[in-house]
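The next part holds the structures, each set out as structure tokens.
Two complexes are shown next, each including chain A; its partner changes from chain B in the first to chain C in the second.
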Partner chain A sequence: MLNFIFQNATKIIFGRGTENQVGKEVKDYSNKILFVSYGKGVIEKLGLYDRAITSLKTSGIEVIELRGVVANGKLDLVYEGIRLCKENNINFILAVGGGSVIDTAKSIAVGVPYQGDVWDFFAEKAIPEKVLPIGTILTIPASGSETSNAAVITRVDGSLKRAFKSELIRPKFSILNPELLYTLPPYQIACGVTDIMAHDMERYFSSVTHVDLTDRLCEAVFKSVMLHAPLVLKNPKNYDAWAEIMWGGTIAHNDLLTTGRVQDLASHDIEHELSGIYDVAHGAGLAVIFPAWMKYVYKNDIERFAQFAVRMMNVDYFFKDPELTVLEGIKKLEDFYVSIGMPIRLKGLGITDDRFKEMALKATYNGTRTLGNFVKLGHKDIYNIFKLAV
Partner chain B sequence: MLNFIFQNATKIIFGRGTENQVGKEVKDYSNKILFVSYGKGVIEKLGLYDRAITSLKTSGIEVIELRGVVANGKLDLVYEGIRLCKENNINFILAVGGGSVIDTAKSIAVGVPYQGDVWDFFAEKAIPEKVLPIGTILTIPASGSETSNAAVITRVDGSLKRAFKSELIRPKFSILNPELLYTLPPYQIACGVTDIMAHDMERYFSSVTHVDLTDRLCEAVFKSVMLHAPLVLKNPKNYDAWAEIMWGGTIAHNDLLTTGRVQDLASHDIEHELSGIYDVAHGAGLAVIFPAWMKYVYKNDIERFAQFAVRMMNVDYFFKDPELTVLEGIKKLEDFYVSIGMPIRLKGLGITDDRFKEMALKATYNGTRTLGNFVKLGHKDIYNIFKLAV
Partner chain C sequence: MNNFIFFNPTKVIFGAGELNRLGEEASKYGKKALVIKTTGPIQKSGIFERATKILNAAGMKVYFLDDVTPNPKFSKLKEGVNICREEGIDIVIGIGGGTAIDLAKGLAWGALAEGDLWDYFIRKRVATKSLPIGAVSTLLGTGAEMNVNCTITNEETKEKFGVHYPVSFPKFAIIDPELQLTLPRKLTAGGMADIISHVLEGYFDGCEDTPLQDRIAEGIILTVLENEKILDYPNDIVARGNIAWASTLAINGINDAGRGGKDWDAHTIEHEVSAKYDVRHGEGMAVVHIAWLYYLCKKDPKKFVHFAERIFGIQKTSGQTDLSVGIKGIDVLKEKFRSWGLPITLRELGVEQGILPLLAKDASKNPEGGKLDPDIVLEVLKSCY
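Right after this comes the complex of A and B.
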């Protein structure tokens, strides 16, 4: 186990009806907020918009709205949000939505007190020193952004999807009500579940040894999310199943599962190239990339992949043939993705091989960097992984 | 799953040599601190005293010492600490030790800003509104007090051992270095492990349904701690095994495992009567009380106890006879306690039955309250549990 620092102070307010507390929670920070969400309709349909606004107004909070966030949140709207905050002297941001909304809010939060271009943080030209506090009401369990220290934004002009990290951007509070998930379409449910499982596996596939406890914690989250995903696909109003997935989605990405180990994240980084260029759903991209990554790297640590197969995918261990165990585990993961409606090959995303080289180079900053930690991947490795995903 | 609020902001600084950062961490809060620890010798022998003091002095921090904390921390020393803080205008408390040291520090921290008698908090006559911040360097993994919201203190005059809870008393930071555990004597190791396992089981035995994720998280911590306990007993300098136990001990009691469910805590409360009157080690008392409690209550939820037996104690499930599964699970737990050198009957603690009635009444505030949630126990139930533990 490696030395580590762990601190995650986000206050989780979990359960039925908790969105009605948002005014009270915001009140501790500000009387005037930027309310960030999707285009009109999405949260209105849930009744969430009315309930949140009522709660905020009841607490005497002035609300200025920034609507129109889309999947793979765009930089332009971040600029718009920064402008609104500056013009109106706003010092708290409330994100009401999923990962793209929360990441838009986080990006505005670091952009407001910063003199330069907020893209500097994504381009690694600057490190946040001051941010506005943010809070969230989560409507899609997937990104883990509701307690994480990361934000991902897409710059449309160059099809660049980039992330930055800072301990300062963890939300002050996040409101998680599984009832708000009842209207998610099946494809989005499956994408979210795939993202959560990927966050978990990015931690699990670590080359650090003596990490038994965090291995088991990863297994706990993974198995519970896998178990309940088919239940919510069958009945999207299954509160109890949603509760397990929603809380699992947070724990998968709140850094508890990374304590004492190094996460990989190569599959996430490779997928960002797909969704940056083709605007595919992040979860669907992961369902394609993760198995290809596994096939490419598993020989570097057969024992770990066998443990994955046995303990996470319930494969019998073939004592005389560990590699067969591994391959069976990967196959069972693919089978699971298919069972929840995810593609497992690039053609399922409508992507052909004409831009593999370009994406492999872009992911590695023109071949100057490697991705991942379990195995460090250069641009040729990434190209090969794309090839395996065809 | 029940609605819940979860927030645990304690900063964990984990790993080799981390005690050398204590000055830097304290500096964020104060230039003058009360340093609380055991009587001279314990932390000196580890070299910890010198390293901590050097780090503090290097950061320019003035240190006033309160030494002499013993197991089952006593109220008199809390009074002494409050006096020292008030006389010296101290506004930060550093606890260097295990649960009794940390709980002494927490009690001083609530006592200093309070006008009345600090025992009021334990006697439920007052609720903390203001506290001094505290930090810890942990030297015994057991109590979980390094991130918890609870403190337990013994008032010697009436042999009363009482706890209070407040979100305000969670430490600001806790330094966890497994190397500091190398000199713990075997009995103390076993007591600590038993306490951690009990914290975990107090959460596991809940009557709330649809708690699959937290069940699995409980199982993860429990199994990892059980697996590594014999390893540190065999070789107390096994860093990797200690790391799993130490981090597991924190997670077992940081309230993550309680999210969405109700904890029991009856065994802890019953044990407090034993260690309050007889001054036995808390862990040893738990090894005696927990199996007796299980035998007394398991019929209320055979499925849950069978799950415990199968998933935590690796018992084969007897599909035609779940009760046999349960009894086998309890027996295996007792076997484990014996294997690490714990008593499993009161006579192993030198306790006879002459004060059972007195303790059962005291635990229930003279029969006016019940203990526990899984099953609510009156004073007669507690008497019967003592009888089962003979």
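Right after this comes the complex of A and C.
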């Protein structure tokens, strides 16, 4: 167990109807806000738009809207948001949506008080010193952005997708109402669940030893999310099952599970190459890459992988052959992905082996960096992982 | 899962040697620090001398509130508040366990509060402002370093009441397992029982559909049980670290978020015992909570079957009743506490039999408590005498 610093001051307001409190929460910060969300349609259909606006107006808050956020939030819209805030003297931003909406709001929040180009933060040319406060109403779980210190934005010219981190951009509050997830389509549900489980496993597969408590907490979140996923797929209006997944998704990414250990982000990094080149949903890509990564690295720590198999996948421990335990655990994870409609091979994503080398090199910045911490992976390793995923 | 609000802004600085950051963190809030100095084994550990040096090195002037004893007393709170006001203290630092840190919280809001300070404990007034608070945790169990709880005993009225003001989150909490290496075995054991009891209050609150919270709770309990070797190998700093972080998370809100939000009945009962007999809270909990669990299990054993299986691997076989399996799980936990050297009867704590009716009556009157039925409390107290 390593020394660590943990602080996450986002206030979580969780449960049925909690979006109706948004006005009250915002009022502590400002009387005038920028309301950031997707293009017209999504939140209107949920009735969320009306309820949020009513709550804000009742609290006497003036609302200026920035709509049109798309998946993988774009830099152009961030610029527009910064301009709107400056012109209207706005000093609070409310994000209503999933990760891309929240990340757009975070990027605007650091951009407004900054004299230069907000891209400087993403290009690591500047570090945020001041930021506008933001709040969120979450409509898609998994990204964890509702309490995280990170934002990811895509720059369309040059297709660069970059992230920055700052403790200043954690939302002041996040409203989580599982009812707002009732209309998510099944494929998106499965992708979200896979993403949450991957966040969890990336923390679980740590080379730091004697981390019993965080092992147990990872197992708690993993199992709870996994057990409830089939229930929401069967009945998307199952409130209690959604509540588990939504709160689990936040905890999986709020830094608690990383306390005292080092996480391994190799699978996420490798997947980003897939979704960078092919039009692949992030969650679906992870369902393919994660088992392949496991098969490639498990021999480095058979005990940890056996613990995963026994505690997380309910595999009986084979005392004569722990390796069999591990393989059975990975198999059961793949079976689970299949059961929720996820692909587990690149074939299932329509991807053939012709660009493996290219992606492996790109992921390692042409062989100049390694990925992951559990095992440090070079471009040849990544190539082999793609091979295992065929 | 119930609706909930979860908010906990305390910055945790965890790990061996992190006490050295005390000056850097505390000096962000000013130049004058008041340190709560408790009596007992902690005095000999040299920590107050070390802390003073570290604070001085950061340019801070250090004041002390001396001779603070376990179950912090209202008279000490008033004494500390006077120091804060007279000296213009910028930050109050609790070094120790619940005694020091709860008292630090009380002084910090007390210094800025008006009127009779006991009014705040009997719900006549509410504090909305506080001086900054720093916490250095050297004990297991209390979790005071990352929550707002402040429990104080009024030695004149023999009342022990708690307040929970949102302004009372410590700005920072240093959890340095190295500082716990010298803890006497009995305090470690009491702390371990206290951690488990914090988690179990919510776990058995009758609220259904909290599977994630339950797994988190089970994770915390299993971590304590799997690292119980620290009783025999007190220098195993990593095992201590695991338990120390479990101790904080057991009562920082994460386990209770989404549960029933009910009052902590076993704690309410124990507070009567420790208010009148000045027993260590962890030891009191070991006795009272087990008795309370038996009572709850007899009322509704379903969750106890789940507990017995998840924690102790006790399988329910055909022909067994829920009640018998549930009771078996509690039996095993009680045996654990006994094996750690903890008392399991009120008699061992020095409680006189004749006082049980008074304890029961006062527990039912506690403004924090959930209007407990004095007859039931009496029955529970008798069962563990």
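Definition applied: the second predicted complex is superposed on the first by the 387 of 390 C-alpha atoms of A that agree within 3 Å, B and C clash if a C-alpha of one lies under 4 Å from a C-alpha of the other, contacts with A are read in each partner's own complex, and residues count from 1 in each chain.
By definition in this document, a residue touches a chain if its C-beta (ideal position, glycine included) is under 8 Å from a C-beta of that chain, and two chains touch if they have at least 3 such contacts.
Since the structure is predicted, the reported quantities are computational estimates derived from the model, not experimental observations.
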item: Side-by-side fit of chain B and chain C on chain A, or clash; value: clash
item: Contacts of A:E323 with chain B and chain C, given as first, second, both or neither; value: neither
item: First, second, both or neither for A:T259, with chain B first and chain C second; value: both
item: Touching partner for A:N3 - first (chain B), second (chain C), both, neither; value: both
item: Touching partner for A:E44 - first (chain B), second (chain C), both, neither; value: neither
item: Chain B versus chain C as contact partner of A:D28, first or second or both or neither; value: neither
item: Intersection of chain A interface sets (partners chain B, chain C); value: 1-18, 210, 212-213, 216-217, 219-221, 223-224, 227-228, 240, 243-244, 247-248, 251, 256, 259-260
item: Residue ranges of chain C in contact with chain A within the complex; value: 1-18, 209, 211-212, 215-216, 218-220, 222-223, 226-227, 238-239, 241-242, 245-246, 249, 254, 257-258
item: List of chain B residues in touch with chain A within their complex; value: 1-18, 209-210, 212-213, 216-217, 219-221, 223-224, 227-228, 240, 243-244, 247-248, 251, 256, 259-260
item: Chain A - residues contacting chain C, complex; value: 1-18, 210-213, 216-217, 219-221, 223-224, 227-228, 240, 243-244, 247-248, 251, 256, 259-260
